[in-house]
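Just below sit the structures, each encoded as structure tokens.
After this come two complexes, each holding subunit A, first together with subunit B and then together with subunit C.
So, the complex of A and B:
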């Protein structure tokens, strides 16, 4: 947060989500907080199983009922705690004020309904449009997301669309009601690299045109660097670092963030100059069945000291808008060796 | 359109094979057909007469050509027992069978679909276990056990329904439906159970799909989610099961008609087999097979209606 912001539109406050599994409770999200401000794009980054998708799904309360438990915390949309909202209230918000796009466009659209029906449906439901008006608007939305010949395409079925086109159609569907918040859960992961860039450009353009704030969930720091304003890095159900994008890439502090950056290919160095081998983070994501006794990352961390295994690090501010949960943050910034 | 023509054309070879098999039915049975038809007490002259009237003394291909020519004109031959045209005998018996079959399937579908959808939606709860338990029970009981049980309870003891028989719709709706109620329920329970379980498992699979999550993220109500987004995707296996059910019903109705003494095709089949009335048996098999093919065709065409990916 480099400039003064108005009130956050979406606020996740000390969210804890635990799932009951046959061999114990899994703490998928273990006390995570972040804020989303109007019109910005917030990246949530982490590897598989870090709790980023669970956080996203819980905002719309799309997690299954009995096995998912909201142990504590709050998700506030314009000040209203969604964890306390009734199912009817959630239905009003879903697809209208808050909408979502998913990872796999090949399976996320209903194969037996036309694209037009699927888009018109939300417009009729939330905006009270008549059938004809909703279809006209559906075609306009397809045009907006860059699908050629929208009048004809609106009557087609998902199987007649390519993967990239389907993700565009998903975006058209999600943005049809001009939501205040869009949650994009790995929207480009299942797509070709060239298509990925097009989809990210589209999301970036639409958020500027429509003023929709976007939560971008991804494991791809490259995508984050291109489009996000701020980043939250998650590891094993915890937020380990948060910063503005430029700050994070200039001064990555948490060893896990540094590890993620080290695992990114560096395309600027010419091959002749001897490109380095991609770094990897050793070890595996820990089991989330036990409560944390020390830093969750300590077993994989090159900087870990004895204290790291005993004390759970609290999130501490490092600079304006830059916070890190690491006992050795200052040492690392001062250039301590790994 | 292309799909429609393709499916209809595909029916022709199937019907041709059916015709050959039905024709050979008489010749595949052991012994001389004329002797079998004539029975134990017939004289040599009688047998010779039967052989000649049935054309059995002519070469097989010639017999087949002649028979097929007659069949295509709607002439299924003459019963050796009653001397009446087979087509006429079948036509007289068709009404009760059609009603029993249609109402049995209607009963099964009307109850099974909501049960299956509800069980899938409430999967793992007591509602699901109750419905699944009832389905297993209904599936395990043979038609004649359920039939006689219902007759004992509702006819003999309570006197709400007649014990057996059939009344045509032209004799009034109330007597018509009172005579059909018990046969339809006892015959339909097994299909209801089959279809309910099929609907449950198919719906359960569909409800786990990504596009259902998308539909929920759109803010749709559970009703719209189930009936519009899930059911249409589950339709193909469900329609297949209904089609198979109707096909199975063609033989199942024989038992129902016997238990409730309904003068339909099923009874005619049993009687004709006992009388070794080959022309009638041939006629029934042919008509049944044609009905079976027609049901399959309709099922195939319905696939295209429910799933756009099938309209190639």
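So, the complex of A and C:
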């Protein structure tokens, strides 16, 4: 993908985000870094509450503060730190250079405006198009995302669209200004597999045609395996593993990554072999109210040693582009028993 | 095995025949075309067996599941539970059959009363069907143990539980009356992967211990493959293919089943070219296409498909509703 290593278009650097809650401070994102290179698709995976969506929202500064607090770190878009940017500057960027699609297209589209008006609004605001030109462009965008009969559909309201079409309309809206970065937060979670396949196909095609770099936030490792170039695995506000997608699935190293893969029923093991018991990750995600004293995953980890409960593991490189935050990474790769 | 189970060994526990649920619609003051949510569904379920019911949203799989328990009243058809047709029983006689069939719901929060303690939630079905003070509390405690909830959880309220624990609570409630059949409507789709694995393992363990039958409604094909013995694929209110799980997944015969399976993203190599992308969305069940309902999205559709609706056919356990199943296989 990016052998030449061009400058990253988007860089999250040691980001820490906390939320003030009535019973203490919740460290939702606790020192996360990643880079996004032009034209690539980066997957961020993890379970509910791991901080993946909070990271995504923070890129566009969509988190209301208070309660959200940016404790430290930087988010650099083409070198510019977005955490220092003025609100006016952010408004210039949102929906223009960086845009976002959300999980639920019904609650993120305006129900009282037609689809055409919503797309045209973005184009008039950011690109200075006139009303007629913007309207024509809106129809072109709907055509681009594969909505049949776009001339008629631009005049319709979101409730007249099916779930898959609404998600397409939202993608059309997000891509109207040809953004350099698209952040897709669980874009297919609410959709059926056949529609999911259509949407992922569409994102992949648009990335190739328009060169948009995409951050795909998802809990579905299957989607990641098929679409992404690189993957970041998050757990309890930390990045626990990062690798190129083939490397991650060939040599998953962090016990949490391995746990996720083992917990997924798959379509490949023969049924005749009898039921395979799914691997469980015992226990639950920890509360993020206390500062981490050891590895956040240690209480649920089969490989944990005494040291794991005392030392916060640092992210260490394992191979080119493959980094793991686990004290026992080498032992695990060498096949140490759990 | 006792005498009763031996006597019914030949007949399935549950036999559903031609189940129909039509919802009336209105166009102004006149009646519009009915929405055919379930349009002639037939299947059997054996003791200790899991039948997976899959399909896209709006295909009628949840309607079919709820109609079995008469949470939705069927328009027509027969629901034979051990030889009794439940669809025709008057309400007062149907009540005792409710013990035999229970349900686990998708949303573990919405299906638990937020103002009841967990212990009372599990005890409620017991109270409804004759609470015994000597035996009741021990039974509730036993149920908590069975689903892996600590005993002190009985005094808590639903909001104090995590999603996975709430689903365990829902399962404990469903087990309270020692049912023979549990209808699971998307029981794990709201849960994270690691928690989903815990609940699936629990359901499998309970089946092995208690010889439960499950009707497992889900859209996640990997989960269904994992837990089911047989699978039925639904499209627009009809079953288009039904058979043993290994046949359906290894040798799908209906074009829709193939498209569904090929759309599932997989970890670990598959050439992208193999994917069979379906065009468009599910047609409206109020106005389904003539003939085969799938023909508008089917890459193999021919003129005949618009004229005649295919019936489920095939030899043995694997049956498919497609005119050209033999030619495209």
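Convention: the second predicted complex is superposed on the first by the 335 of 338 C-alpha atoms of A that agree within 3 Å, B and C clash if a C-alpha of one lies under 4 Å from a C-alpha of the other, contacts with A are read in each partner's own complex, and residues count from 1 in each chain.
The rule is short, and it goes like this: contacts are C-beta pairs under 8 Å (C-beta built on N, C-alpha and C of every residue); 3 or more make two chains touch, one makes a residue touch a chain.
Please read these numbers as outputs of a predicted model, since none were measured by experiment.
When the shared chain is aligned, no partner comes close enough to touch A:78: not subunit B, not subunit C. Residue contacts after overlaying the shared chain place A:251 against neither subunit B nor subunit C. By the touch criterion defined above, A:16 lies against neither subunit B nor subunit C after alignment on the C-alpha atoms of chain A. Once the two complexes are overlaid on the shared chain, A:91 sits against subunit B while remaining clear of subunit C. Touch criterion met: A:104 reaches subunit B, while subunit C stays clear of it. More residues of subunit A lie in touch with C than with the remaining chain of the pair subunit B and subunit C. When the two complexes are overlaid on their common chain A, residue A:264 makes contact with subunit C while staying clear of subunit B. The contact surfaces that subunit B and subunit C form on subunit A in the two complexes do not overlap at any residue.
If you check the complex, the residues on subunit A that touch subunit C are 47-48, 148, 162-165, 192-198, 200-201, 219-223, 225-227, 249, 259-268, 270-272, 275-281, 284. Remark: subunit C residues 56-57, 162-164, 192-198, 200-201, 204, 219, 221-223, 225-227, 245-246, 249-250, 259-268, 270, 272, 275, 277-278, 280-282 touch subunit A in the complex. Contacts from subunit A toward subunit B in the complex involve residues 60, 62, 90-96, 99-100, 102, 104, 107-114, 121-122, 125-126, 157, 159, 170, 173. Residues of subunit B touching subunit A in their complex: 209-211, 213-221, 228-229, 232-233, 235, 306-309.
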